[in-house]
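To keep things simple, chains are lettered A, B, C and D as they appear, and every chain counts its residues starting from 1.
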Amino acid sequence: MKKILNAPSAYVDEMLEGFTAAHPEYYRQPEPRVIARAGGATAGKVGIVTGGGSGHLPIFTGYVGPGFLDACAIGDVFASPSAEQMASAIRQADGGAGVLRLYGNYGGDVMNFDMAGEMVDMENDIATTTVLLADDVVSAPKAEAAKRRGVAGMVYAFKIAGAAAETKADLAEVTRVAQKAADACRSIGMALSPCVVPQAGKPTFTLGEDEMEMGMGIHGEPGIWRDKLKPADAITDEMVDRLVDDLPLERGARVSVLVNSLGATPLEELYIMYRRVKARFDGMGVSIVMPLVGRYATSMEMTGATLTMIALDDELERHLRAPAACAYWQVA
Amino acid sequence: MKKILNAPSAYVDEMLEGFTAAHPEYYRQPEPRVIARAGGATAGKVGIVTGGGSGHLPIFTGYVGPGFLDACAIGDVFASPSAEQMASAIRQADGGAGVLRLYGNYGGDVMNFDMAGEMVDMENDIATTTVLLADDVVSAPKAEAAKRRGVAGMVYAFKIAGAAAETKADLAEVTRVAQKAADACRSIGMALSPCVVPQAGKPTFTLGEDEMEMGMGIHGEPGIWRDKLKPADAITDEMVDRLVDDLPLERGARVSVLVNSLGATPLEELYIMYRRVKARFDGMGVSIVMPLVGRYATSMEMTGATLTMIALDDELERHLRAPAACAYWQVA
Amino acid sequence: MAADSFDTAALGVALQRVAQGAEAAAAELNAADGALGDGDLGITVSRGFAEAAAAALPEDVGLALLECAKAFQRVSSSSYGTLVATGFMAAAKLAKGRSAVPADEVAALVAAARDAMMARGKGALGDKTVLDSLDRVVEGLKGAAPERMQEAAVAAARDTLVAFKGQPCRLGRARMFAEKSAALDDPGQLAFLRILESLAAGS
Amino acid sequence: MAADSFDTAALGVALQRVAQGAEAAAAELNAADGALGDGDLGITVSRGFAEAAAAALPEDVGLALLECAKAFQRVSSSSYGTLVATGFMAAAKLAKGRSAVPADEVAALVAAARDAMMARGKGALGDKTVLDSLDRVVEGLKGAAPERMQEAAVAAARDTLVAFKGQPCRLGRARMFAEKSAALDDPGQLAFLRILESLAAGS
């Protein structure tokens, strides 16, 4: 939990400077804390913007790119960007066909994105819609699913909505597809050790030396239980069970799954988990399409992993497989 | 430093099972601990094999794929594969044009790969050559550069040698290019916290709560100094200085650089470092081609980073930019 | 605000006082927020009022209140900052075009802020948030004589904390900690009390 | 090996003894290696001899020694395992085709192992490794009567440790820790002593 940084207050701005310098073929920072596609907005295409706190790379801003998003507003670590920054991102994404706001269901982000929508409506006559990601099954019971927070399922929603927008579908249609993708996602996380928010300088939570917390959120939000660390297969089984409980799948169904590290947990261990995920879905007669294993949505150096599943139909699968490129995920 | 696993003794085999299940389009495990390209060896192409201990993903086996390597032998965490496994990997890589053994300069690996070469020479009449990566400038003085250990520079050597082999150049030529790439690489690492080898069950080294070690190796081998954690720019400056001291660059030179996390250090912090790397090379009048920022060669959940630079000429740059694909790096 | 009406000058003085009070309360509010959320509430409130107090305020009270809204938006995008900005904006709309607002309209301004903040945050009364404080302050201000208004507001904000003791937070990050949040004050309600206290203390 | 020659049966008995001794010394050797390297030397040596002791050995002493080499290669790919396998292989070549090897040829077998291991590991005498132990054992065995050979070998291995006290390791992982390694025994030399001791102890 030790960090490489200069001034904590410069963490995000220096990060973005390095980020655009390293990947100028994908990203551009037209104004502070706003990242847009290197090539700018595409005329006639619905724009897609997202935004949220820093500290989750590649989420959020990493998924700006052809076939993915058009622009992103970036907040401080784990904090919402301002409504003004979000409005700028919307303007950057606007190609004249309206803009979809596609982001995680966190109170601060929602308020600011709503405000930003009002701003660009008044000032720039840009039509906007909203789709919220709320894939974390642990964060609220099914009856209150709209209160759930958004976690790694965003990655699928970005990919699928991005592909829909690339077809030059209109705003209503892109919004429909994005909402369908969001509705088809379920995620659950588990954490083993915290991360340090630079400006706070201390761990986000504490867990005993051999403890884990099942269901913990990406900022350390409480989960379902906290207990001794279990074997990988037992952890994976519980995660799979909770997801398919919430979204039952029939034999013959197709899903994609994302086994995601929160940061420190190495690829090796994600593969140990994926091995079990595969066996479980095989056992259910469910086939896995384009599995993702890696660091797609992190909490800096947190130890732990999340499992996301998205139930696919032909339409979602087609968009998932469509070409797309950003610095972290390329589909050819 | 907490790990998600079942039995420590099953760590590597379960990892490989998940790895091939997740990426069947790239990898196949024809026999235990040997990974080969999904499509098998390419007739008439020089094969390239590597091998080494587990715990460094994507290194080693992740770089098997078109434009990269042909096969890899996989050892236990931080331990050499056996000569027999290496010999199998060589056989898998053989397309009738000979096989280059391209791997890191670690005593155990070298002895076993030499033995493996003798085996396939006697048993299978496969001609082999060797290029050792020895890019870690801290691990021995320049006068004893052949004793240096190989670290993240391997990634460049894999890419460049792989591209040379794809041109159907002969074994001597591919070996020449690989050696040239290896000779052009310089790396240095720094560590902030250790990782845990599953079968040992305890940290590889200890560092005080706010200490860092400059120059530390990827298994915790000792570095140059151990002191209070410094600001990112100071760390980066020392790393850049050590590399260009060892391999001076002229104004107008071209390099590629890899800012690599050892595992836990998040992308955010690599970008903060890259920002400084870029400023420093800009200041030297040296241009950066295809920078890499991310987790390319890790030590499981170790915290820390490595910086690699490779001096490019037209030939090396052409091979670096040639198309290649594996699950972790795609060049189109 | 002890006068029959308030103008931009009075608003400026009030902002100075609250900025001071918020500064003093910042650590307490950070800690309260840290127990249930991300621990930034003290920063949000103190930076927001400092920025507003430093702003040049136009004579039009509505435009002056708009400056306050913008100040909060500039320095904080945490929930409370966004909500306070939203509240100032709503009050600004009502006050726009006037160089003074009569004391007996203050309750209406606070009510407008409350309603806009409910719309923005999709919150309901009873969720144990700053909305409940605003609602009770509106009631407390109704019919209060100008010289009793500050006192009434502080009392209402204090009563809110008492009333919600033992109830869980049902909105925001604190919602995740039902049990713990029931035992603790809602940080946003506490912040509102400290704001009103510092306003009253200075006068 | 107190006889004038040794055959596969004698080799089998020797392997049993060393397997037992290595098992007993495993923790000590892991610790010694852990101080300078990766701490696996005890595992390497104990697993290797256990595997060799469990192997079915052909009557041809050369082929029997080859089985020992293969056993080491199967269970360990750490440096020491690979080197011991290399050494057994070299001795196997010399003994091949014979059902007994005269005692006065043992020094030559060890010398062949030493030379092959030097070639494999690109090490030199004086680097403070197991090579130095082998070299001194070869010298110690030369001209020793059959019944004194075990004793001579143990003495030579022990002398090696004494001789290198204070000198830094110049090969393998331990090379990285010049200062520390000078103060400590080379783990590989220590392992070789324990192997010979267990051989001698049982007879």
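One rule holds in what follows: a contact is a pair of C-beta atoms (placed from the backbone, for glycine too) under 8 Å apart; a residue touches a chain by one contact, two chains touch by 3 or more.
None of the values given here were measured: they were computed from a predicted structure.
Common neighbours of chain A and chain D, by the contact definition above: B.
With each centre defined as the average position of its C-alpha atoms, the distance from chain B to chain C rounds to 57 Å. Centre-to-centre separation between chain C and chain D, using Cα means, comes to 81 Å. Per-chain CA centroids place chain B at a distance of 33 Å from chain D.
Shown for chain A are the residues that touch two or more other chains, of which there are none.
Across the assembly, chain D contributes no residue that touches 2 or more other chains.
Shown here, the protein chains touch in a chain-like sequence that does not close on itself. Touching chain pairs in this entry, ordered by label, are A-B, A-C, B-D. Residues of chain D touching chain B in their complex: 38-40, 73-74, 77-79, 82-83, 86, 120-122, 171-173, 175-177. Against chain D, in their complex, chain B makes its touches with residues 75, 78-85, 107-108, 110-112, 114-115, 139, 147, 200, 217, 219, 221-222. Those residues of chain B whose C-beta lies close enough to touch chain A in the complex are 1-6, 11, 14-19, 21-22, 54-55, 57-58, 62, 192-193, 195, 209-210, 212, 229, 231-233, 235, 263-276, 278, 291, 293, 295, 298, 300-301, 303, 305, 330, 332.
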